[in-house]
Each structure stands twice: as C-alpha cells, then as structure tokens.
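What follows is a pair of complexes built around chain A, which joins chain B in one and chain C in the other.
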Partner chain A sequence: MTVLNRPMSGKPADPTDTVAVRVVGVQKIFDTKRGRHEALKSIDLEITDGEFLTILGPSGCGKTTLLRILAGFETPTKGDLLLDGKSLTNVPPNKRPMAMVFQSYALFPHMTVAENIAYGLKIAKISKAEIKERTDVVLSIMDLVGLGDRLPTQLSGGQQQRVALARAVVVRPRVLLFDEPLSNLDARLRDQMRSELRRIQRQLGVTSVYVTHDQSEAMAMSDRIVVMSEGHIEQVGTPSEIYRQPTSLFVADFIGKANVLTTSVASQSNGTLTLNILDTQIQLPDPGLSSSEITTVLRPEDVNVSRHPSPNDHVPRNESGILEVAGWLRGVEYLGSSTHLTIELLDGTLLAAVEQHTALRGPQDLPEEGAGVVVSMPIAAFRAVSAEERLLV
Partner chain B sequence: MTTNQHKSAPSSPLQPLRRLAGSIKAQGSFGVAIAVALLIVGGFVIYPTIRIIARSLGVKGLEQWTELLSSGTTLSVLRNTVVLGVLSGLLGTFAGLVMALVQVRTKFRFKRTLHIISLLPVISPPFAVSMSILSLFGRSGLISKDLFGVRYDISGLDGLLLALSISFMPVAYLNFVGMLQSFDGALEEAANDLGGSLVHRFRTIVIPLLAPGIANSFLLIFVSAIADLGNPIVLGGSNFEVLSTGIYLAIVGEFNQPKAAVFSVMLLLPSLLIFAAQYFWLNKKQYVTITGKPVGTPKPVEQRNVLIPLYTIALVITAAIVMIYGYIVVGAFTQVWNIDFTPTLENFIGAMNGASREAMLDTLKLAAISTPLAAFSGLVIAFVITQREFKGRGLLDFASVLGVAVPGIIIGVGLLLAYNAPLFGGLIPKLQGTATILVLAFTVRALPGVVRVAVGALNQLSKNLEEASISLGATPAQTFRKIILPLIRPALFSSLIWSFARSMTSLSPIILLVTPEWRIFTERILNDAQQGRYGDAAAKSMVLVTVILIAIGFLSLVTGFKVSNDDSSFAK
Partner chain C sequence: MTSPTTVSQIKNRNTGLWRRIKHANAWTAWFMLVAMAIFFLLPVYVLVMNGLKDPASAELSQMWRPPSTWSWGGFSEAWERLSPSMINSVTLVVPATVISTFIGSVNGYFFAKWKFKGSEYLLMLLLFGFFIPYQAVLLPLVRFLQWTGLYGSVWGLILTHVIYGLPITTLIFRNHFSTLPHGLFEAAKVDGAGPFRTFWSVMLPLSVPSIVVVAIFQFTNIWNEFLFAVTVVPNPEAQPVTVALNNLSGNFSVDWNVVMAGAVTAALPTALVYIFLGRFFVKGVTAGAIKG
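Then we have the complex of A and B:
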C-alpha cells in the first residue's frame, strides 16, 4: 500500500524506541486583559515514534495549548520542540510535517470530499495521477468510497469525521494531531469511531497525539496517557499504570472512581509505609512520598460487600492481606451490568463499591438497602498517593 | 520567542512606532496589506481630521471660536442641528420599528412589496426626497396649495424631519428586521404560558431585547441626520441653517476656512462621542446569537387592537414614501415640475447629454477605481481585524469604522485642508483639484460599510478552517486565496455593490473637492436643484438610480451572485 508511510506497527511504548518529538521545558504565558496567565509551566515530554499518546485533563489544564504549540499555531514563551532531533522553533506551522484533526472537523465547505482530501497534496504540488491514487486509497481505508463528489454538508457527522481524518493522513504527516475530534458525535457513534480511529492509526503506524477530556476515550485508545492539570503534567504512563498506580490524588480521582481514605503515617522505613487507617494499620510499598501528605485510594471494584447481622459488634480486622470493616448499606443503584453500592462505615466514612453481575450472580444476591454489612478490601489494592494539591509556582 | 527584542532605548519617542513596524514585519506577506490598510485609514481619515482640529485651534480658529460662540446665530445653528438630529432619530427609529414589526410579526399579504418600499430610500440620491417634498408641501406645493389651498411652507424643520426620517428609516428597519427574526419564539411562548398578555409580553420581553437595537438605530440616524448636507441645502430655507450647511457656506460662500474648521469640530464632537459610546459600550452587549438550531418562530400577531394602529401607521409611512418617490418620477417626465404637467422627455435628454453626460462618465470612472479599491482594502482590513493578532489591531479596527462617525462634509473639509499643498517636501504632491483626491474621498466614504460587511462574513468563518489549511501545508497567502476568499465571495459581492452605490450617490464628502475638470453627477443634481430646475434634477436622479441598478445587475452577472433577499448587509 503506497499510502502508508510506515510498515504496520501496533507496538506499545518502549523506551528503546526512537523518540519522534521531544518537548523541552515548554512554557506558555498568555497576556490577557486580566493579567498574565501561565497556561503551561515548563512541560517536558517525549513522544515515541509510532505511539498513540493521549493528553488528558479537565478543561483549562493546558492540553489544547500544548497541542497547538506542537502544530505551531501558538509559539511557546520559553522552551523548545524537537522533531527527530531538529528544533521546530523557527519552522512555521505550514512547514511542519504534522496534520491536525479538529474538533469541528474544519472541512472546507466549498469543496467536495475528494477536493478536501486532495487539498494538502495539491498544495504540495504532487502530480495529478498520484493525487488521484492516494485519494482513492484513503477513501477506501476510511470507508468513504462513492462519497468523493459530495459536499461536506451532505455527509453525516461520522462521515465528516472520517473525511477530516482522511484529509490529514493523506499528506503522510510525521505526526498526527487530534483536538478532541470525537466530542461532537453522539455517544454511540463516538464509541464506534473510537475503535475505528485506533484501527486506522495502528494500520498506518503514524505517531499520534490526541487531546481529550474524556477519560474512557483516553483509556480505550492510548498507548500512553499524559494526565495534565493546571498547566503541568501530573503523570505519564500506560492506561493501566495510570489507573492502577496513580501517583497523585488528582490522577486517581480524575481517572475512574476512587475511594479516598484519610490516613496518617505510623512509620516509614525501608520502602515500606505503615499507615493508620480505619482503626487499624496496614503496610504498603512506599512510592517515595514525603510523609506529611499521604492519603490512600481504593477503586470501588476492589471493595467486596457481604451481609453481616450485627455490624456494631464487628471489630476491624487485617488478616492474610485482607482488611475487613463493618458498616451499613446506605445506597443501592442497579445499572444492569453492575450495581453501585454506598456503604457507611461505623466511623462515618462513606465508601463506594461496585458489584459486577452475571447471569448466575444478580442484584438479588446483594444485601438490601439499610442492611448491616462487612466490607473486605485486599491490602494490595490500596495505593498511597500524594494528597496535597501541587503548589502553584 | 519574542522576536522584537529591541535594544531598550529608554523612552525613545520612536519606540512604539518601531514596535508597530516590528509587529507588522512579523506578519510576513500580510504585513504589506496591514501597512496599506493603516496608510489609507491613517492618511485619509485620521490625518485630515487632525488637520481640521489643528486649524480650529489656530490663531484665526480661536478668534472664530470666541466670535461664533458669542453670536446668537451660531447658537441657533447648534440648536437647530441638535433638534433636527434628535427628532429625526426618534421618528426614523419609530418608523423603522413599525415597518419591521409589520414585516416580521404579522400576516400582512403584500410583505414583499412593503419590503422593497421600505428599502427604496437606500439607493436614492441624497436630496431627491427633499425636492419632491418641497414640490408637494412647499409654499406652492401640489398638496398644500393646490389641494388644500393652505399657505403652508414645509421648508425648515418640518420638511427636513420628514425628509431625513424617510431617508434614514431603512437603517432602523433593517436593524429591527434582523433582530426580530432572530428572536427565540420559545421565550415569548414561555411568557404566554405564564399568562402574560400581548402588551405585557411586548413590554417585558420584546422591548428589553430590542433595546440595544433601538439605541443603535437612534444613534445612527442621529449621526447621519446631523451630518446630512443635501437635504438642508434644498429644504432648509433661509431661516433654518444647520452645522453642515454652515460648513459648506463658510467654504463655498465666505472662503472662511477657520470658520469651517470650527463648525466642523462642533459637528465632529457629538458624532465622535456617540460613535465612541456605541463602539465601547453597545458593541459589548450580548446580542441574540444565531446557533443554527431552529428556534420557535414567534406566532404572528393577530389581535385587532394591536393590528389596526400598526397597519395604520405603516400605511401612512408607505403612502408618504410612494407619494414622494412617485412624484419624483412625475417631475422627471413633465415640462415644469408642479406647474406644467405636459409630458416630456426633455429632462432626460438633458440629463444624458452635455455637461450632465460628462459628469456621469467622470463619476463612473472615479467610482470604477474607488469601488475595487474600497472593496479590496476593506476586505484586507476586515481580514486583519478578525483573523490576526498584532499590535495596533484594535487601533485599526477603531479607525476603520471611525469613518462612519466622521460626517461626509468633514471628510471633505479635512481632505481639502490636508492636501491643498504638497507634503513631505513634494513627496506627496498637492492633491486638491485632482481626480486622486476624489477617488480617495469615495474610497474612504465606502470603506466602513465594506469593513462591516466583510467582518460579519469573516466572523462566521471558524478560525479552524484557516488552521486546517495551514496545517495541511498551505501558506497564509494560499489559505487566503483558496479557502477564505471563496467562502466570503458573497460578502465581497455585497461590498462591491455597497461601495459602488455609496460612491455614486455621495455628495457631502466631494462637494468641496470638485473642480471644473472633474464633475460629479450628484453635484450636477444639486446644482439643478439650487437653481430651481427641479425637473432636470428629478430626471438626473432617476438616471443615477437606473445606472446603479444596471451596474448591480452587471456585477451580479460577472460574479455570479444574486442580490440576496437578506439586505441586512447594507445596513449602516
């Protein structure tokens, strides 16, 4: 396939891979009417060749600014960008081998689908025959065959989305940039496009940077996720690292649901943390945090709930790697595939739990609302994280 | 990466200029365009205005200030101007609102006709209305004397009020039609569901939402009315002098430039104040935004107690417009307007031959140069204002629409004062008396309208389109040519028509600049009117309107665009 710029490579991030883009100490300050706004605070990041990297964060965290700096639409106040080792500082956006897919698609309304796709190739003064060939190939990859003569307004949202992607990949960019491209689609189409986008990216093996505020999108598509908050990077890692080993309360809270349990440090030695939690003590591996700012998080699916006739008589237990505490079931929300439970522990702490259902184990097997329960939580599921909001520099 | 880190020469007076130059340079190929735009606005709007102010503050100017401000005549001129402006503003706004309400909120059967009638004054030459009014209601007017036998002379405030409210009513009309159409019917329905009566609904929901439109229309008509020259010359009579005629007479009759400068400043002050208020205050207000999602259109009004007064007023306005414009046609085709009604084509033969023909050709030539010039520079300015970030952007935005606020006669005076001698040691030759200065006057006059139309069109373009093109490898210039220009072609067409019609019909900015070599058609019409040859003037007015309509047809043929039903782009 001549349209592909690299062989197939659905490879995960690997430190030995070559670095495609290096972001070095990039800072961005906007001068607004209300004063200076530091949108990015010295960002360092390496984007591996061929990987699908997602920048995830709430609105206003600087993720779009970072993407626009990569594209060249914004110039950093400080810092540098290196593409394959060469600085991009003085390269204008149209000379950067990157193509962007926009949230609004930004299809040219006065051009047909084929003209939209051929636009970048015409600009690059590619021969008519090759333009035709490459356009046809990309139309078939994107499942747009037969739509070449339509105007963008005559297409459905999903089709427009695919044209936007086709227009970007056909120029064989070194890096593909996505600015929340799925957020204008309805939920069902979004899920479908999500896997399609991922399939095409794998097929082409093109290095991709994808900005979103949707954590499930990030989890489903990415090789690696960069979680951002207030202009800095909170954590970089694979989706399971981000989910299972969050390094901060922000990450734990932003990705998925997390129970946050207040703890105090009893002792800290030899890489082991001993924490006072729920009237008992547990020991966790020390992720290297300073002792004053530690709290623990626990995913709801790690909380097991079973009936207990008299929770008031129950004494918290920590045996064979399981922590057992009693409480009352305060809320039950049945969602079909699972049920969300809210438990009030004896000391007043509220705990969220999720019970997955199968044909053999349904909601009828769960305690009813108001029942006395005991919850068991594997110690290995607890994660000590930094509790402090990062100090604003 | 700050590119313009100059050596910090402490407090050099050239520092801001150098920074501006640096930021223009950073814009690459657009730098040139920005520089041209700044040059046009700076050289032919701002600089002449400054010259007027300077002149009025010179020794002779200051003498004039003391003399004029202590004379009763001047005070009455000032009072006349303000009274005329305020009353025309109120009447014109009211008339426009009524016509717009009938157009948008009723089931009136001949809406299309009504729409055209409401817009008729847009393309008529500046004082045709006045002549017709004088012939109908003047001392020996058809209606006042012949029909009712009253000895009533409408010239003065009464006539001017009628002429100006009708002339500027379309401004308000288009403004209100646009606003009423974009109303969210759901709002009103909600109020209805909550039990509000029609009148109550109108008072509590419609009027507050229209308030910015009312203020806007009033101010625009006020500024246009006090700046108008043609109508007061014809209709003012001997006892109703306003500032604009004062300026005109000071230059043409008394050769007293300092006096003209002082009058100009008096006229400029309220115009600029209102403009500034509008620019900084009204523009900031939240307008109804068009989301593209269908909103419930409000139900047409059907209550008779509302419809009857509404229709009555609309009928009176329509009748007045039809009568006044119809009577121009009568005057054009009869021997002596108002006296000898024998049909004749003599007036037209005169209008299309001799000096009149030359004036028409001259005007067409000048407009043929100024039209593309205004359209192009207006587009560039609009593009720069909407799509680019650079230092001085706000200034350019402000200055380019400033032309709206500066009355035409003042632009004339300013150009006269600024270019009556060579500048920069002969680098810029004396422009007074040349065709160049006439073209410049036309261009500067048409510019704000073009900028407004183009800004409106460009603001509807998402910035992402430009970025998408650039991200696919196109240069900014390629992007402009291949993406932006095709998408704003309708706006381009509107701008061309606008600037052409504006050039062909404008009088006040060029009346002081015409020379025997370059005659202007509107000036010929005024000349006829002043000498009482109303029939000739009426015929010429009709010729002018016909030429404009033909040109519009020609333009739409060439560019492949129809004049859309939505004429709102012509507002203001």
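Then we have the complex of A and C:
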C-alpha cells in the first residue's frame, strides 16, 4: 500500500484529530432574474482530518452549493475557507488539492479507463513509470483489473462509478468531494457501492465530504452528518446523535420517522423541563430551548402496543419512567421484518408504532385492527425540540 | 375524404387498397426525387458535356447534346491556364481555413465555458459581422490592407477571410461547446487542468464533428469567393482560381469548351473535400458517451 497516501487503517476518525477544512461564515447569494437568492446563510463548519462527513438535506437546502464552494466552482459572497489553516479564497479549482466524484461521473468519453485515471497525474507531471504503478494499484483496489483499455461507454454503471472514484483517489487528494455519486445507480447496486465506497475511504483515510439527500446513505456511511435546511445548518453530529438527539423538529422529521406530540411547557427550572403532554405531565432534561417553541418527538420503535379491553376507562399514567395512554388500533401494515401500527389515542392524537418481528414473535401476537390498546412509552425516549414555524413544512 | 376511423381500419386490415396506396406513395416520392436530382445535375451535365467537345461544336444551339467527337482539348487547355491559380487558391484556402477554424474554436470555447461580465454582448457584437455585406467594406478594407502593407498579397486575403469567418466559426463552436456536459469541464478542472489544457485535451477531441463542419464550410466559402479575391489581389500572377476562371472568358472570342472544362476543374477540390470528409457530418463522436 505504499503507493497510496496513508497506511491502511480501519479506525474511524478520532475527534481529537486536527481540523482539515474550516468553513468560516460562508454566505452565498445568487443574483437571479427573479431577484437575489440566498443559497447559504453564514455557514460555519469544521471538517476533521480523515473523517467521512456527510452533508444531508432536501433539494434546494444549499448542500451542493457548499460542496461547489469547497471545490472552488463557486466563490462565496462572504466568508472564508481554510485548508490546513491556509485560505482557499483565491485558489482556483485546478490548484486545490481536492478531487471530486461527480453525480454524472463525468468520465472523458474519448479516453480509456486508464487514461481517465492517469489524467490528473499527467497534469501533475508525474513520471510515466509512477503513473503506471499508481494507476495499476487503484485499478486493483477498485476491482477494475483488465478494464484499463476499455472506453467508459463499454462499462456498466457500477464500473463507471468505480472509475470515477479511482480517478479521484489516484491523485492523493487532501480532501475528497462526493456529489451524490450513487444517485444514478439502481437500488441494489447502490447498497453495494455504499459499503464499497466506505471501505475504500477507511482504507485510504482520506478526508471526505459527501453530499446526499438520502438519509439512509448518510446514516450508513458517515462519521458525522451535517443536516442542512434552507441555507443553514440544522445540526451536526454522529449518525446516532442525529437520530437519537435531534435538536429541531426538522431534523427529527427528516431523519427517520418521528411522532410529533403537541406540548406546552408547565415549568422550566434547573435544567429540567416539565411538559404538559397527552393529559399528563412528564419531565425531560432541558436542551436549552426557549420555552415558547417546544414540541416533543418520539420514535415509532419506542411505542409499545398491547391489548386493552376497555380503553375508555383507562386513565393516563406516568409511573416508573413509563408513560401509559390508551387508544384504538386504527391501522396495521405488515412489512415482513416489522409491522407498522397506527394508534388513535383517546384525545384524537395519531401515533405511529413499529413492532419488530422474530421467529418467536410474529404479527399474530399483535392486536387486530380496531382493537382497544394501551401504549407504553419510556419517558427517556421523548425528546424536546425547537419547533419554529418555518420548519413545520 | 375518409374519416380517421376508416383509414385506421383499412390500415389494420392491411387491405390491397392500402398496400396499393402505400406503394403509389413510394413510387411518387421516388419519381419526384429522381426528377429533382436530374434538375439539379443539369448544369453539371452541361459543363461536362461541353467541356469534352471540340471548340467548334461547343456553342449555344448544341449545348444540350453530348459531343459528337470527344475531345480532352478543353480540359487540358483549362488545366494549363488555371493550374497556377489553383495553386494560389490552395495556398490561400488551406491556411485561411485552418486559422479561422482554430480561432473560431478558441472563441467558441471561451464564450461557452468561461463566461465573463459582458461576454454575451461581446458575442452579439461579433455576430453582427454576419450582416455586413462584402461590398460595404471593400473601400475601408483596401485602405486598411494598404496601410498594413498586406494589399496585393495572399496574406492580405487570408487575413480578410479569417476575420470575415469569425462570426460563423465562433457561433458554431460556441453552440457545440455549450452542448458538452459541464461536468467534463469541471472534472478536468478538479484534476488540475487550466483553461487551455482543458481545451486542448478534453474539449477539442470531443469536437471532431464540429471541426469538420466548420472546416468544410470555410474551405468551400473561401475557395468560391470572388469579390475579395479580385479586389485585394490585383496581380494576375497571385490571383486565386475564381478570378482566373473569370478571365478565361475575358478576351475577344470565347472558347466555351475551355470555359466549361475550367469551371469543372475549379469546382473539383470543394467536391472532393465534401466527398472525403462528408461522413463526419453525420457521425457524432460524443453521442451517449457520458452516462451508462
């Protein structure tokens, strides 16, 4: 592996590592025919050396603009980019030590696979012998041995994808940029390439920034995820932080499924929030939100459903860390590995629940549609989040 | 008139009537095409037939008839009198075509891929050159060439044609480069290629069809051009073939067989260029090359 830039290492990025890229107050305004469009609103971000960072968000959230600013295809209206402490503002794309895997792959159609891969090395005036050696190494890493003399048109989509990745890593970039590289593949190939890509990134240890709108892709691959919406960063965190401790309703809703429960604040003191919820009260640690805009989210897998003969007589209970509320089972969707349930609580609130199945516990053990049920939810699973108006789209 | 339903019924049943109608249409189309081809080839027929006659029988009353006695005299005399100016034409047309195609491709590349403030207006100004008739610029052109010392030389004529060709060559290349996927251009940049390297190693190799189209267009136009040629180069020794061809009929008596043979000879190079490069007209190099 001496040909590649780093020794093999399977370890995920260490948070104490140095910062590779620092994004400081980057703003981007596009002047369009219909007026000014603020694509990015003062973004601050630190990308750690060697980490796999995913920028996730719906279309139009500014994630691609941010990536293109990193690559140098767009210049920020305000703010600065620092790579290893040095400003990139006046460095054109062809002088930045970065490589990019494009959504369209952008392979040169008149060059063979080997020529495509060697293009950047040739420009860097690397000796012919070394170009050959390095090209051969990436061809074998990418499982493309024997395809070096083909033209890109003679390859399958997955192979083209791997050539695009090979071309990006062979130049030993300081930062590797990915612009939704898997979105042109079919579902099966996408899953396969996903783990392949992650494996190669770990192997090379190259700092990577990956843009996608696919939340499962982001969850599966990333060391950290940046969730963006409407030109600003909603939350930055590890996949489990993003999923388990969302800080906004937008994040909770965008990543996975979430039950959103109407909440009002009863009291707020000493880092504890007391909330009125479902005709009872619960206490949660205060994430430091202003009280006027708080709502509570709960993942469907934290909702346990059991049969109850007369839900109308049931009184909501909050005992030993479990909240119990009664209702009626309104929908049952069997999906093989799990069943999705919809419960209508007595006050009319709709709640989603997921029951995982095993050989021992199947759909036959669940209440039937229309049955009276009681749902029990661990208080620790509730999460208070900010619920600003504009996020309730 | 038959209603649509009836027509589709007939079509579906594939009755004898419908087959006959289809056949009749094919025959009509074929007949019309042949008739048009004959019509368009008539001048060529007249040129070749009269070029192969002896001087006495090449006259107006017999122009439609094939020669009674075949004679190569017309062609050999035409070649003798035209060959020096054919060489002049080649030394004019080849550099003028190469230079104007090259400059047009560079222009088109920058107008398509390196847009800068005001580049669209600059392009519009450049394209304005289309609409300036040759006659309108003759006097300033001659004064300019006299001032630069290029008047009377083939280089003056080359310069004139290169400049007059810029609007069309730039436009064709700009349109072509804007159809090339922007990703290729950005991929080259990310790989470290500067503007000219990107042009040379990525954009130009993907432009072979456009280069051929522009080159054929420029070759034909410059080869056939007469007005600039006769104005800018007054010296008969240096004049291109279009002017020399005109001079074949310049004296007291006209040998029509020589003139006709001369016209065929002068037209031959452009025809050959088209025959040999024409297949590139239809061939697309980048077609379907980007995605799998």
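Couple of notes before you dig in:
Quick note on the criterion: the second predicted complex is superposed on the first by the 380 of 393 C-alpha atoms of A that agree within 3 Å, B and C clash if a C-alpha of one lies under 4 Å from a C-alpha of the other, contacts with A are read in each partner's own complex, and residues count from 1 in each chain.
Here, a residue touches a chain if its C-beta (ideal position, glycine included) is under 8 Å from a C-beta of that chain, and two chains touch if they have at least 3 such contacts.
Since this is a predicted model, take the numbers as computed values, not measurements.
Taken together in the superposed arrangement on chain A, chain B and chain C clash.
By the document's definition of touching, of the two partners only chain C reaches A:156; chain B does not. Of the two partner chains placed by superposition, A:272 touches none, neither chain B nor chain C.
Residue contacts after overlaying the shared chain place A:99 against chain B and chain C alike. When the two complexes are overlaid on their common chain A, residue A:184 makes contact with chain C while staying clear of chain B. Of the two partner chains, neither chain B nor chain C is touched by A:195. In the superposition on chain A, A:89 contacts chain B only, with no contact to chain C. In the superposition on chain A, A:240 makes contact with neither chain B nor chain C.
When both complexes are overlaid on chain A, the residue A:76 reaches chain B alone and has no touch with chain C.
Among the options 257-265, 275-283, 329-337 or 527-535, the segment of chain B that ends up inside chain C in the superposed model is 329-337. Under the contact criterion defined above, the residues of chain A that touch both chain B in one complex and chain C in the other are 71, 73, 93-95, 98-100, 102-104, 106-110, 119-120, 123-124, 167, 171.
By the touch rule above, chain C contacts chain A in their complex via residues 181, 183-184, 186-194, 197, 201-202, 205-206, 285-286, 288-292.
On chain B, the positions that touch chain A within their shared complex are 1, 462, 464-465, 467-476, 478, 482-483, 486-487. The part of chain A that touches chain C in the complex is made up of residues 71-73, 92-95, 98-100, 102-110, 119-120, 123-124, 151-153, 155-157, 159-160, 167, 171, 184. Against chain B, the residues of chain A that register as touching in their complex are 71, 73, 75-77, 89, 93-96, 98-100, 102-104, 106-110, 119-120, 123-124, 167-168, 171, 177.
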